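In the two complexes that follow, chain A is the common piece, with chain B as its partner first and chain C second.
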Partner chain A sequence: MIKGRLLAALIFAVTVLLVVVGTRWPIPSAAAYAGGEQVVRTASTPEAAVNNLCEKIRSHAWDDAYNSLADKARFSALDFQHDLVGTYPGLLTYSNLDSFEMQPLHASASEAEIRLRLKWATVVGPSVVTRQLRVVRDGDRWQVEWPIASQPPLAPQVIPVNYLRWDVIDRGAGDDWGMQNVDAPHVRIVDMHPVQRAEGTVILGELLNDDIYPAYVSVTATLLRKDQTAIASEGSFDKISHVLLPKQVTPFLIQFPDVTLADVGSVRMTPFSSLIATSADPVIEIQGQHMSPAPDASLSGQLVNQSGQVANIAHVLATFYDQTGQVVWVADQYVDRALLPQTPSPFNIHIPEDLARKIASERTVVASYSFRGAES
Partner chain B sequence: MRRGFLFLMTGFALTIANLALAQEQSITVPKSIEAGSAFSVQCAGSGEGTLYIVGPGQVLRRQVQRGATATFPAGSLTHAGRYLAILSPSQSPPDAGSNPVSSFDVVPAAQPAKMSFLARPSRLPVDIHNAITGAVYLFDAYQNLILTPLPVSFELTNPSGAVQKRSVVTRDGAAWTAMDSSAHEGTDRFIATTGEVSSTRAVVQVTGDACNLRMNVAPADGKLLVQTDPVRDCSGNAVPDGTIVTFTEAIHDEKTTVDVPLKRGIAKVEMPAVRDATLTVASGVSLGNQVRWEK
Partner chain C sequence: MQNSESNTWMQRSIPISLILMTVLAVHLPLLLLMLPLKSYDTNFHIFFASHYAHHWFNPWNTKWYAGFTQTTYPPLPQQWVALISPLFGLDLGYMAIQFVAILLLAVGVYRFSSLWVSPRAASFAALASVFLGSESFLVYSAGQLPTTFAAPIYLNALPFLFEWVRYQNWRSFLKASALFTAAAAAHHFTLLFGSFFFAIPVVVLAFMDRTDGHTVSMRACALRTVLIVAVVGVAIAIVLLPFWIALFRYPVTQVPIPHPSRANYILSPQWGLNYFVIPYGAMILALPYIILRGSTMGRLRPLLFGFWIAFLLGLGGTTPVGHWLLGRAFDVLTMERFSYWATLLALPFVGMLASELVARFRAPAAFALSILAAGTCAAAVGWVTWHPADAQDFRVNEVASWLNRDGHDNYRYVTLGFGNKLSRLSTLTDAGSVDGEWNSGRKLPELTHYGVGALTSSKYFGEAGLDSLRAMLRHADYYGLKWVIVRDHYYDPLLWFAGWRPVDYLDDKTIAIWSEDGVPPATAVNAAQIPPRWQGLMWGTLPFGSSVIAILLLLIPARKRRRILQEYPFPINEEDLAPGRLAS
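After this line comes the complex of A and B, so read on.
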């Protein structure tokens, strides 16, 4: 009994001691995360100057970050903030700077060049933005010149749109039991192909909306052993375009980490569809699609929003086929900026190097979401 | 031996006395009544008693004067089924073993007040024989299934006004029919009627895939205006608006694609004007014409 009380008192005392130490002498990164002082050092080197700027960006101290720049006379603090997180609400608007990496490219006594990789934590995963910075010496300290990339303003104009929209009337509480909802859209898996990757088994395929109405879709796959017992069941999550207009096809990719394809006897695919109230706009053109060969294989291009409505989030999904037309890979990328009307926005999708040589053709689709309206 | 005979005679006398008492306290009910209608129960005998009416999902209790008629207003018994009327001594619980009991039926009203109409499917391809089914269940005002045969009329009217009609008599409360989907796309009205009750459902006739897809290309403000002819299926029906048409412009190792929904029967979009570009159009499994832009 006495030993127990002694132990409790000891734990209490140690806890109090640690709280006092943590409060009185916090580690810099903890203080920064807690909203206190930033992890800012004297900008005595180019790296320290860039580090200080990134710490200010991380803590959303936009004005402090702007004031630390060497070329701030060229643009306003608002321009700087818009360059980082976008003018219109987009993926980066609701994200935080998770980490950053610096790669010195060139240095002299008065100036240096550093490649900066900003890794933003967004709701759909990390988004990496790369900037090449010039850092200049001013007396005994270094300052960053920010390569501002401001978007040209849109000319005031009217873009006529024949707005096409579907609304759904569901069965009401007062209806008799004979009144059933309209049938769910008919969707069809037109291709399915399991592949073994280093990270596990991956199910690739394509889903077609075979109906005349838009469909909200998803796909679930269940891996079965040879004795028909289930190994695992997974959904496509965001590796699919969830809203399909009539006759539209989306690729899908379902990952089963730590499952070996050799253990799989069969795969049970379960497509799901339901009616959704949505619109046919905005129409997004994918211009200049170009596949770069290995090494560093990628698919690049530009998205052009053809309607007059801002598309806040755009998700590019690419399906890659071999010479026989079979799907060999599905890759995607979120565009971190809102798509403004008629304004090209680049994308670049990485292709695994071992697959790049097998790819003979590709097909790209874009799913977009506008905060004012529904996904399309 | 004599004692046994005495017991037997006593039991016999008690049974006769009970029967006489039961005759004296009997209740008279109608053989059947319509759900929701007023009815009355005649209670023989003298003194006070409690009348219980027990049926499916419903129990009535009424203090009655034996020898008088107990009347129940309309709406007292609403659930169809077999009911028991039990007359118990006053304040006693109902006991069908020792009290006068009579049974009667509550039957659904003769005329339907409500209809449940199941029409399937809600949409289907054009021109299919017996592909649309309609099933009707008829109920009275209290949701009792009407089992007596009643005529039901089914009508399927397409947007051009053509009507398919069927007349079916219900059997065990239900009637069903099958209709052909019409030759043209659009939303048909499927109506079931009996007496003054009717119910309507919408059945959409869907066209097939696009057929003979064609596009035209014209320069417009430094770009190319690409536009399809009105998109129709192989039977000449207009493919519904919203259907995706994919335009592709390829030049060397680059391409531009855009998925455009049909609006008012056509799909149109502006694409970059690039010399020697090849433009193609497709919708679903249908591939359209190909245009080479040489200007």
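After this line comes the complex of A and C, so read on.
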């Protein structure tokens, strides 16, 4: 009987011990559900304070995150939330913070500076936002001062628009889209180059809408061996502007991961086009475009939405040429803030170091998406 | 006189017929209301059953993952649903088979508990099984038909295992072997883990009891154990041969998918409520009793250890035990089934506790226990409404009709924002999808390399989920993927920038159908994985046949034997000492 009670006590004690171990040092899967590896931390260091703030942002606990700030009196919780994910619906609005990195820049007994990289998981791919934070000591804990960047509200105004629009009369919703029994718009590939990169083979080029109607376009490339057997076939996916107005040109980039260019005998390009109902609205102008040389080569500038409607997500595609006018690279960036009418919004496209020196000129096109309806 | 009658009534076992009537009263109305259709997995099992209903001897299903083999999942309960579906339809057929499983559970718990405790306590345990929170949770909220179908078969096999090892009863040997094989044909994990949690304690009990009455040598018991393990092992190897072949040829090597049952229930209390409080219910109050009685009574210790290990594993990531004991399997399995098995192992203790309380406090105890049991069951049943598997209820019939008309089913489709309605849609449409809900059956690299579940819920898997979706959309041409059916407009920007266009709207414009031009019609892409015809014949014959053989063998009457009862070192009633035999 005594042995039995000892056994009961032992089972009870071991169970409690295992629960304590599992809670104090959670296994990876448990930690992930609890919101991070170091779940509960006191803000006893500047890094811990920033970590706690990011965990709150990750779990969309906006009020908690706001209340943990040292300078919250300067702005409201809503301002803070809008600063993070945008006032108007944009790329970050429905995204989640996937990870974050901290880089301490300077620290003293009472304050510290930390560069914070927030990596958001957006529907079109990861988006990285960098902020420089000041962290201040308050007694035995540290608090973050948030560098708020409020967006001024739009002034009421009337913006006249006068844009072209094309409609397509088809046989009804029962038909496959794009099967209107008329000739497809004439498009042609005006440039194409296979390039070997570290991640595999890349096909770069440009496609021109040679017609007088707008076209929906896409490009598929098939790599062939020397004996003409297929290695792989891939499409341009989102590395192209799929809607081309008459005489418009779009760059395209097609990736073949794990394929070596030396194995490729030839490339079969298959452009596709069909009629599309579209309009020239919204017109997005590119201002102040300039190239920064290597190191950290990039193309930057500002997008200005000339229309009266918000363009929620903008996609900037840049084509880079060498001195002979050949395409040497195609790069893109999704702008994480909505483009408000007449309001400049910056973009910055990174250029690979080894290619930057070859670039002599560039050309940029912008595609956009609005939540009120698909537009370009 | 009246007092004496009352005493007799209070000491008698609850008749099994009354327990089965209770099952009928509690669960039949809930099943007729089709409550399990709201659960996570019910539609998944109906989808599998639907395939068997149309292609009994062909396990190759082209509706998910551009083609996958259903030999990756033991088929028994789904085949039973398919078999009776011409009479009842698939939905009602599912409910009928689930109801039979609950009935069998009550019988199985009674028989299993009779090995450990008095018939009266065993009858209380069987009655408690009707109200078991984990059972209701799995039936109405998780929709795990195979687990809830296999466990009762397994429980019913265990007394035969005891009879064989202890008394060398050949009829029991046959019955145990047939039932174990049928249980494996219903759910392989139940057999695998059940061997550790249930069978080992029963074998240890047979060894412990070998010197009572008719003494048997240790060697004889060991030989009998080895013999039945060998025979059952061979039988399962043959009956599920296509399953083993599929597992061997295409081992599950994909990146593990997160599941909240692996959370720490203290750090994530919402999951603690879901996976601990709801399944255990009032049984939580009995945990100290279970540990104390299991420890102090030597005969119950094997059962206690089985319970304890299952209990710790059922706690998911609350303790590191699962991670230590199961290794990589911990990241593949879901942990709620361990809690289910733990509660089944706890039932003999609960029956004993109830029996003692009623003997001591009579009507007040019976009243309190009834309230606790009803509350546990009600909470678990209500959980499907309070914490629904799919927050947005909508019908997919219109989408299925759209896919089935005008040749749309010549192409494949993928849904976004459909949650577990995907299985329902797949049952109703003839079109094939590149997505699906049976993660272990998928072989497409766009799905297996990212550690995410179904594409339809990809946003919930963060960057990896969206990477997986993008990878699939990139290869739309290859898979003949022409339709993306969107109910969550979060995904619209991706589709737009990737060159897809909305072409139609359904269900009052809440569902948009997006299409990409130039996609060729779908063709077979996984031809190498199609099981040969002989495997289809085996799959359609042996697993189902094992259950038919088990039923036929159970019709052989059991040889009567007076059970040798243990003297329990705690106060027991006269009724507890009454000789009896194991129910069969």
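Keep this in mind: the second predicted complex is superposed on the first by the 325 of 376 C-alpha atoms of A that agree within 3 Å, B and C clash if a C-alpha of one lies under 4 Å from a C-alpha of the other, contacts with A are read in each partner's own complex, and residues count from 1 in each chain.
One rule holds in what follows: a contact is a pair of C-beta atoms (placed from the backbone, for glycine too) under 8 Å apart; a residue touches a chain by one contact, two chains touch by 3 or more.
Quantities reported herein were computed from a predicted structural model and do not represent experimental measurements.
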Touching partner for A:106 - first (chain B), second (chain C), both, neither: neither
Partner chain(s) touched by A:268 [first = chain B, second = chain C, both, neither]: neither
Touched chain A residues, chain B compared with chain C: C
Partner chain(s) touched by A:248 [first = chain B, second = chain C, both, neither]: first
Chain B versus chain C as contact partner of A:357, first or second or both or neither: neither
Touched partner set for A:235, first chain B, second chain C, both or neither: second
Contacts of A:288 with chain B and chain C, given as first, second, both or neither: first
First, second, both or neither for A:117, with chain B first and chain C second: neither
Which superposed partner A:166 touches (first chain B, second chain C, both, neither): first
Doubly contacted residues of chain A, that is, touched by chain B and again by chain C: 176-178
Interfacial residue positions of chain A with respect to chain C in the complex: 1, 4-5, 7-8, 11-12, 15, 18-19, 21-23, 25-27, 29-34, 39, 91, 94, 96, 98, 121-126, 173-174, 176-178, 216, 218, 220, 233-238, 240, 242, 272, 274, 276, 312-313, 315, 334, 367, 369, 371, 374
Residues of chain C defined as touching chain A within the complex: 258-260, 262-264, 266-268, 271, 288, 291-292, 294-298, 301, 304, 308, 312, 315-321, 323, 330-331, 406, 459, 462-463, 466, 470, 473-474, 476-478, 489-494, 496-499, 501-504, 515-518, 569
Parts of chain B lying in touch with chain A, wherever the complex brings them together: 114-118, 121-123, 135-137, 199, 201, 204, 206-207, 209, 240-244, 253-261, 263-264, 269-272, 283-284
Of all residues in chain A, those that touch chain B in their complex: 162, 164, 166, 176-180, 182-183, 208, 211-214, 245-248, 280, 283-291, 306, 363-366
